[in-house]
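Structure first, then comments.
Chain nomenclature is as follows: A, B, C and D, assigned in order of appearance, with residue numbering initiated at 1 for each chain independently.
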Amino acid sequence: MIENGMNRRDFLKVLGWGGAAVALTGCGNTSVEDGKELITSYVEATDYMIPSIGVYFNSTCAQCDAGCGIMGRVREGRVLKLEGNADSVINHGKMCALGQAGVQAHYNPDRVRDPLLRSGSKGEAITWEKALGLINEKLGGAKGDEIAFLTGGMSGHTKALLGNYLEALGGAKHYAYDVTAPAVVRAANKKAYGVEMPHLRLDKAKAIVSFGADFLGAWVSPVHFSQQYARFRKGENGQRGVLVQVESKMTLTGANADRWLAVRPGTEGVLALGVINALGAAGLYLSEDVKSLVKDYAPERVSKETGAPAEQIGKLAALLKERSPSLAIAGSAVEGYAHGSQIAAAVALLNQVLGNVGKTIEAPANVPFQQLAPAATGRAALVALNDALAAGKVKVLFTYGANPVYSASSAMKFKDNMKKAAFKVAFAHYLDETALEADLVLPLDSALEDWGTFVPAYAGDVAQLGVQQPLMEKLHANTRGAGDILLALLKQKEADKYKGFEDYYAYLRTAVVQNKAALGGAGADDDTFWGETLSKGLVKFGAAGGSLSGKVSAADVALPAAAAADAQFPLTLIPYVTPNQRDGRHANQPWLQEAPDPLTTVVWDSWVEIHPKKAAELGIVEGDIVEVTSKHGSIKAQAYVFPGIHPEAVSVPMGYGHEAMGRYAKDVGANVLSILDPVADKVTGETALNETRVKIAKAGKRVIVVKEEGAAGGKQMGKKIAVRVSTDKVDLSEEV
Amino acid sequence: MHRFLRLSVLLIGLFVATGSHAAETAPALTTADDLGPQVEQPIEFPHDRHAGDASKGGMQINCMYCHTYARRSASSGIPPLQKCIGCHQNIESVKDKPRIKKLFEYWEAKKPVPWKKVHDLPDYVRFSHERHVQRFVFQQGRPVQEACGYCHGDVKNMTVARRSKPLSMGWCADCHQKDHPVDGAAAAKTAKGPNDCWQCHK
Amino acid sequence: MAKDIREDISWAQINNDVLKSLETPRPLYWVIVTVALIMFLGGVGLEVYMYNMGMGVANLNNPHVWGLFIATFIFWIGMSHSGTLLSAILHLMHADWRKPIYRFAEAMTTFSLMTAGLFVMVHLGRLWQFYYSLPYPNERGLWPNFQSPLLWDAMAIFTYLSSSIIFLYIGMIPDLAICRDHMKEGWRKKLYTALSLGWEGTDRQWRNFRITYLTVACFLIPLAVSVHSIVASDFAMSQQPGWHVTSFPPYFVAGALYSGCAAIITLFIILRYVFKFEEYMTLPILKKTARLTFAIAMVWTYLNAIEFASVWYSHDQASKDVLIQKATGPYAFAWWGMIFCGSVVPLMLAVKRFQTNIPVLFAVSLLLNLGMWLERWMIVSPTFSHGYYPWAWDHDQWPSFVQWGMVFASFGWFTLLFMVFCKVFPSVSMYEVKEMVYHRTLALKKGGKGGH
Amino acid sequence: MSVTNLLENWSQFRKSHPEGDVPHAEYKWAMSIDLDACTGCNACSVACYAENNLPVVGKEKFLHGQQMHWMRVERYWDEDGRDFPDQGAQFLPMMCQQCEAAPCETVCPVGATNHTADGLNSQVYNRCVGSRYCSANCPFKVRYFNWYDYPTTDDVWPAEMSQQLNPDVTVRGKGVMEKCTFCVQRLSAAKNTARNEGRSVKDGEVQTACQQACPTGAISFGNLMDTESRVYKQWKNQRVELDKEEQAKDKEEGGSKLRGYRILEDLRAYPSVMYLERVRESAV
């Protein structure tokens, strides 16, 4: 590790070693050819720059909002590989596939390289001066509330700067939008525990029952949870934790559960109440109001409604009773249904009944600077923006880190509504669907070339400010960091305030150094503190949180009666957030396209998961192209007969079906988000993702499903390959 | 027919003899002075002036004074321009020589000198300068110029460096199969160079 | 019973008839040569394509890394055994009916070996580095891996090829002298003059010739057996289910003789027609060849049954699975095709009526060869698609047009070489036919029935 | 190597698994993978792409089975025909098992794959002629052949992406075989550092890319000759012996509480990767 952070900027100025002269092949008839190759030496070099030795610089991963600390291996001026930063409280040196692919976001051949101004259907490269001037000009004709900023997850100083800019524009609106955000969970948590994201202690729990939370795959902070999961499985006191997953479509977490309970879509809440009922029956103390709430949820009824065997409900209750503390987590089920908030309340009630609050559900660390804390993203934001656009209330629209033209349901007619805004500016890495609709596209630096700070979406026990810093010289001369653009725009409005900052780097440095006392650097020299911060790539700040305040009462839980069967659209569509694709923003990173989906092992395409029974009923076999039709459109994709899904549901992964974005993303699969019904959670107004009813039909074509799984189809054919053993057959306490 | 038979016997005998001789002496075939081509460098750097013996007007500078990476990295590297300038800005006597002028031109333009590779290996060969320098110079205590000279030849008497050893696989392997003392002590244990393919090809 | 050859045929007529084949074949000859050339050129085109693009265009994959190239390679190696059988083994056994047909059988040996060698090259991923597999002193100080059956293969094939070329050539020397003496001036005369090595037909020359010929024949027989045993070792020495079978070497040799005999019947019929050899390649000889083929077919069937049985009664479940997979999986059509063509079709050869029926024999011989080709494919491919590791099972692999085309082209290449040979060199051994006629005449005078 | 050298060193020219008296000198790299911790997330596989310059072949070639992932994560289902896989799936990361008596080594005609002194199964790209015999003889089918010339194939490494290539690892052209190397470039870097300091590589000093990425720490890697190493302790604890094809676990019928095993052990290839059985709760 380089301690001397002071040289970071110099390092970037000096020339790279050997330019881009990478020998692409090592196996040809290469002979020793004297004097044919060039060795370009440095003009100036610092001590740590040694040719052929990789140097590691810390930064923060920007592939999702989890905010893992990373270190980039830099050699000869190029970043080669990302590895985890062991100091980070989020990932402790580990990384996921998505994070590994960060280098491909950086080196992506389809990045936007120049500011592009729309002229007809094409983009014309213009200078930054012209681009920024144009924005200033267009903003002049709009009132504050006619300007909207649509962003994805944002935190840290970029978010603070954006806040300042919105203010400077006279109250422009910020819409923070993310399809996969656990927005309903956060709202429900706020109610039940008093905080949006309590600190979940998986490692302390002896049993976990998760209601569709894919915490190992794609939920909130998977790398962090995976590590806790490993400790939970090892059982620090010798007892191996037990995981029960309740969901309608098997997620990666479900695939790792000791018991995977397939429930009828939307009945997760019923099951939670059923478990409480069974706990009561097993002798656990229940308060009167809870008792009366769950009295109708006898195992037989619950089993009938959810489809889970009654015996399993009893076993689950027995397990939870025996193993304390336990932990119930509400996940995608909560985001999925109009009664999602109710499901969350039922799960919270379960936690409360089991006495988990305060034991495995703790208060998170406080983030002392709220302006740096992650923006509360959600799907309702897009609905609000769409309404504003439809009503013609938005004249200038900025988008950054969000791709609504791709991810909005066709029912919202977002693309058409967007046209109503007079001037659309997209901050973009790629020419994605939204950038193509914009009037002005501003090319962004990649996450490995840019400065920034991040506050993780999920804090854990210590709050942490991740510092993002350039790991190498800019790949394209004419791209800029989002922070730099915002600063330049701010200077247009409030030149005096910001004139002291030459660029975003200067701003960031000042902002961090000024608060060094709060960031644990009290008394340190400015330069030393800043140097150390960059060297570590993160600052830990904020004390552990206090106690949790909220409480959920039986009155908060009111589950609706089971929905009547819909003859026209008999199936529930579950859009699946895959660990690799998430909401589709990484679709142009080929490693992620080629890495098989862990459960189906499909690559380079989307698929429709159908339960074998349902498939047999409909005469569908693997590879049939099926048409999935909802009230708002239809998509075609290959069928994959998959045992891990409830027969009344079909599932299609998100993130595929891009019409633009780049060579690896374009025309790969179908976009499931486009056919969603715009149904909202009744309490929070967040779009419910699993409320779309569909019918499926064969489209008459059959293809070979391109997947990793071979002809044996996941069978071991009697061979001892992946072996499983039940807990009573092993002794884990003796293990190393 | 006899003539035919005699001829066949002779031919077969000849083939066998040449074959086995060639096999025995194969490495030797390429160890002769296999001088590489004269490489034209942007600046005709006089190694003899810098590293040559004092008796011949050289300054006897240690190889690793400039090629400082050799002991720390697989790649010996070319020193940064900064290094040349570090000395030469104080050496007034040669400042207006054409080569030095050119050097300063590069420096002022902050452009690296486009040196050409003299000792090039195929891309699938990974030679570690570090290990060889550590082993022979630091652990075994051989003189630097001798150790470097095994592969680079008598650079101190060259102006622009020129490849003088074959740098071929048989040539490398030949040395790896010899017993070399592990440290400087006279009766110390010896060891051969590694014999794995993966040592150099990976 | 009809005679193998007419006793009253004059030596001059033999010379005349055979030498005529060097001059004026039927027009069909040119049709065959043209078609063969086009097929071969097509294969060259495919190879250039594959060389530039990479082996992937053949639609091989991981783990199905070998395909028709290796199967066809074994097929051609097998084909080469017929020549040795007819010329060396039957020579030692004094079966003199072989005499009119052994020359072309030997040529077949040489050319099918050359074809097989091509497949080794085509199969290599880095053709341009093929010389790494040859043991020769080199600067790198490296040797090939003498443990690898593939290396034994390369050596065995080269030895066999050079030996069979020498054998073919030595056997031709007296005939080349006849050609030399009967040719008008021209390049051919020069060629024959050079090749006949000053043959005068003196007693001493004849004595030396006989000894040399017999020695090489004796040398060739173990070589032929070992070559195909070594090819079998490529599979038997490996660890894969379906390959790891002890009886593979004799099984391969039997299969080789079988396909070789079938090919002799095919070419017999073609040559007889094209070069008007009705006098020499007579129906009784064809009948003997058909009977020989039938016998070998039954040996092969027996060894096939042994192979199945040894797999079936072994405790190796994986091998059993592969066998079941062959019979029921996606390759079932080819596997049953092999059983049908290899074991059922030859039963027709047992019927006397068919033994001299040229159209039937021609069809049967083609089917037998098809069966033997399928056998080789069924040895190679199913093991890849259904090996030890179920996750890597691949039942969808199907050779691409590049593989099929190359297999197709190899027949063109072989036919081309063979046809050119028959036009340039006497494809019926004149001096041996003369001997045969002479012996039969003697026997007739003594009142015998001819033959030994 | 002269003929004399060849004859003198014939016994060393080919090494199968180590002999009893001198098993391994200084290093024997080995791995253990805890399937109970493995979640099947694919981080290891992608990390391997990043470290080892693996080409992305695209849909068409993936369809033809020409994918190049050195580390594949296999997913198995139970085979008892229940409606739902209600005990989850079973994941298994599979890569070259670095067998001690590797079936691939003996069959290579040119000796491009060899056993190293560190107990690794080396693959030398520049020696490989592409006969693919090694893959044919590999029981695990973990060898991957370059069916195309990926460095020159469109969209595999377009100009910018080629800058990501790891200079320590050769980029393979068409026609050569490749496979997991246990990140040999990292191993030799660590060994070099250790040798310069006159010591052996310490446990934890070197990590493979997959191990480094694995979010649950399911993979341990280290020197089996180092009794302080975690991997040694795990193998010892599970009573798995490198040069045996039958382990304590197999012998003790039913009663054994061990869960370490190696795949296809009965083929006597003596893999260097030990897997720990996945555990599932019997109570729910």
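Keep this in mind: a residue touches a chain if its C-beta (ideal position, glycine included) is under 8 Å from a C-beta of that chain, and two chains touch if they have at least 3 such contacts.
It should be emphasised that the depicted structure is a prediction, and the values quoted were computed from it without experimental measurement.
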| item | value |
| --- | --- |
| Chain at maximum distance from chain C, centres defined as averaged CA atoms | A |
| Chain centre separation (chain A, chain C; CA means) in Å | 65 |
| Chain C-chain D separation of Cα centroids, rounded to whole Å | 43 |
| Cα-centroid distance, chain B relative to chain C, in whole angstrom | 55 |
| Centre-of-Cα separation between chain B and chain A, whole angstrom | 53 |
| Multi-partner residues of chain B (at least 2 other chains) | 23, 26-27, 122-124, 168, 173 |
| Junction residues of chain C - those touching two or more other chains | 126, 137, 141-142, 388-389, 391-392, 394, 396 |
| Contacts with 2+ other chains: residues of chain A | 23, 25-27, 52, 704, 709, 715-716, 719, 721 |
| Chain contact topology (line, ring, star, complete or other) | complete |
| Complex contacts: residues of chain D adjacent to chain A | 35-37, 39-43, 45-47, 49-51, 56-59, 62-63, 67, 69, 72-77, 79, 83-92, 125-126, 128, 149, 151-152, 155, 157-167, 170-173, 175-176, 209, 212-218, 230, 233-234, 237-238, 257-259, 261, 263-264, 275, 277-284 |
| Residue numbers on chain B that touch chain C, as the complex places them | 1, 4, 19, 22-23, 26-27, 29-30, 168-171, 173-174 |
| Of chain B, residues touching chain D in the complex | 20, 23-27, 122-124, 126, 128, 130-131, 134, 139, 173, 177, 194-199, 201-202 |
| Of all residues in chain B, those that touch chain A in their complex | 36-37, 39-40, 69, 72-75, 77-82, 106-107, 110-124, 163, 167-168 |
| Residue numbers on chain C that touch chain D, as the complex places them | 53-56, 59-66, 123-127, 129-130, 132-133, 137, 141-145, 147-151, 154, 234, 237-240, 384, 387-389, 391-392, 394, 396-397 |
